[in-house]
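In structure tokens below, several structures.
Presented sequentially are two complexes of chain A, the first with chain B as partner and the second with chain C.
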Partner chain A sequence: MNGVHLWAVQRITAMFLALAVVVHLVTILVAVRGGLSGAEIIARTSGSLAWFGFYAAFALAAGLHGAIGLRAIGAEWLGWRGRGVDALWLGIGLATAAFGIRAAWGLFSA
Partner chain B sequence: MIDTRPRRHPAWIAFLIHRLSGLALALFLPLHFWALGQAIQGEAALDGFLRWADNGVLKFAETVLVVLLAAHLAGGLRVLALEFLGWRAQQKTMVAASAGVALAAGLLFLLNLGA
Partner chain C sequence: MTGTAEDTLRVSVWRGNEAGGALAEYRVPARANQTVLDVVTYIQRELDPSLAYRFACRVGMCGSCAMTVNGRARWTCRTHVSKVAQDGALELRPLSNLPVIRDLATDMAPFFDKWSRAKGTFQPKDAPDGAVPAEFAVVPPASRQREAADAGIECIGCGVCYASCDIVAWNQDYLGPAALNRAWTLVNDVRDGAKRERLDAVAGDAGCHACHSTQSCTERCPKQIDPSGAIAGLKRSLFWSILPGFR
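Let's look at the complex of A and B:
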């Protein structure tokens, strides 16, 4: 991937994340009223394909968006550049996304 | 003598806040996923984590994270508006609006915590 591809992925994920973060913030504000409980969270997410799809897409977009952002910080502030470093950031981004999708699956199947 | 004026410009401060909030959120993300992943072991495990997190220090940290998330969202929308809509004339207004959105999200979170 070159710089243009990375810029495009960063902006496409940003547009999706803008919507997803609004949904997430509203959900947080509603969920914390009266205290958080596992039962309340699982009642919302368990068996819901809509929430699973939302959180899986959210985790994928956040993982990639975060890794591209960290790559820019690493390059500009620490001088970490090159194909090896790029491959490492891609791995970190995909691993983070997979970890998030695993959590979404846990909330879906609980 | 180094000219520091560009670094006092609201757009530069907005860039720095966007970068630092993004860095903090990216570092927090694996921890967040680990915590939510407790649900794989069942409701009791998730409840155990939520009880552990139910204290003043972590509520303060959660509030900071909500503010950072809202700041990164609003700052990101500012960047998208700049790049895709060419809204260059109202830079200071957009920076101020981003700060307002972030603080409002933090206040709403605190109000709902106490509700």
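Let's look at the complex of A and C:
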């Protein structure tokens, strides 16, 4: 993993996120039309591998994308550089992704 | 010296060295078609011979007279006072992002060291030892790669882009726009044999991937070169090079 790979991951996740955010917003607009309820959300997502896969990928992409961006800001503005800091950002990125994936799993298995 | 506001320029010049300094005030007679370099030269010759600054050609060929003029890096020899003076006032400082030797003269060594680090030297494909190849290389001027190389080839190394770059200010190791522009011209030179090594040298946090494409370099280059576009080209080349099957 070096600058080239981080850059590639950030650009690829950006492309996916642009699409995923649109899907997410359209889903919200459609879903709230008949009144929003927990039961209605779970009816859509429970047992749906497609929705689970979509939101798991969304969370992973968002976690990695955000951590790589914050890494650059930390390096430039605060001087946080080095392998230890990189490991910390990787941890933060994966933890962020894990929270999102756990939420997606909760909706899938509900 | 006496004079009215119309025929006198108020010039603040940064005087000092690497330990620190302050602005000194001078009054310089305003003239028609006067360049900023004329003003600096007047101060050094007529008012204070201890002023240190650097110039050579006076006609925009050598790239040695760049300074910060009213907050912007410029060639002083090709900048008319009438274009930049605000209410008859000029503020002159040494280039940013470089160590100051004294007054308006900066140490350009870090700038050119980075050209070496970016492998900015032509490496003949046919003669790795630097010998002159037996045959001339035929390079069609209208070919895509030659056009990309030509777009950045006129750089004279004045350091205006480097002094204007926010990323250099934030990251001392960053190679900077000029060195990366030079690397991009060589990556596109079909006679060059060190493309792989050069792309490796310009990758990563100190290389092209640190650039945020804010484009101050492109905006301020006195030669209208587009280092920002060159850096984007390096990023593209490196992106394809890490995909299996493209390397």
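The rule is simple: the second predicted complex is superposed on the first by the 106 of 110 C-alpha atoms of A that agree within 3 Å, B and C clash if a C-alpha of one lies under 4 Å from a C-alpha of the other, contacts with A are read in each partner's own complex, and residues count from 1 in each chain.
Everything below uses one rule, namely that contacts are C-beta pairs under 8 Å (C-beta built on N, C-alpha and C of every residue); 3 or more make two chains touch, one makes a residue touch a chain.
Quick caveat, the model's predicted, so the values are computed rather than measured.
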item	value
Which superposed partner A:Arg11 touches (first chain B, second chain C, both, neither)	both
Which of chain B and chain C A:Leu29 touches, first, second, both or neither	first
Which of chain B and chain C A:Gly106 touches, first, second, both or neither	first
Per-residue touch tally on chain A - higher for chain B or for chain C	B
First, second, both or neither for A:Val21, with chain B first and chain C second	first
First (chain B), second (chain C), both or neither touched by A:Gly3	second
Which superposed partner A:Ser37 touches (first chain B, second chain C, both, neither)	first
Which of chain B and chain C A:Gly47 touches, first, second, both or neither	neither
Which superposed partner A:Thr96 touches (first chain B, second chain C, both, neither)	first
Set of chain A residues, in rising order, touched by both chain B and chain C	11
Residues of chain C touching chain A in the complex	167, 170-171, 203-205, 207, 209-210, 235, 238-239, 241-242
Residues on chain B engaged by chain A in the complex (per definition of touch)	19, 22-23, 25-26, 29-30, 33-34, 36-47, 50, 54, 66, 69-70, 72-73, 76-77, 79-80, 83-84, 105, 108-109, 112-113, 115
Partner chain B, residues of chain A touching it in the complex	11, 14-15, 17-18, 21-22, 24-25, 28-30, 32-39, 41-42, 45, 59, 62-63, 66-67, 69-70, 73, 96, 99-100, 102-107, 109-110
Complex interface listing, chain A residues touching chain C	2-8, 11, 72, 75-77, 81
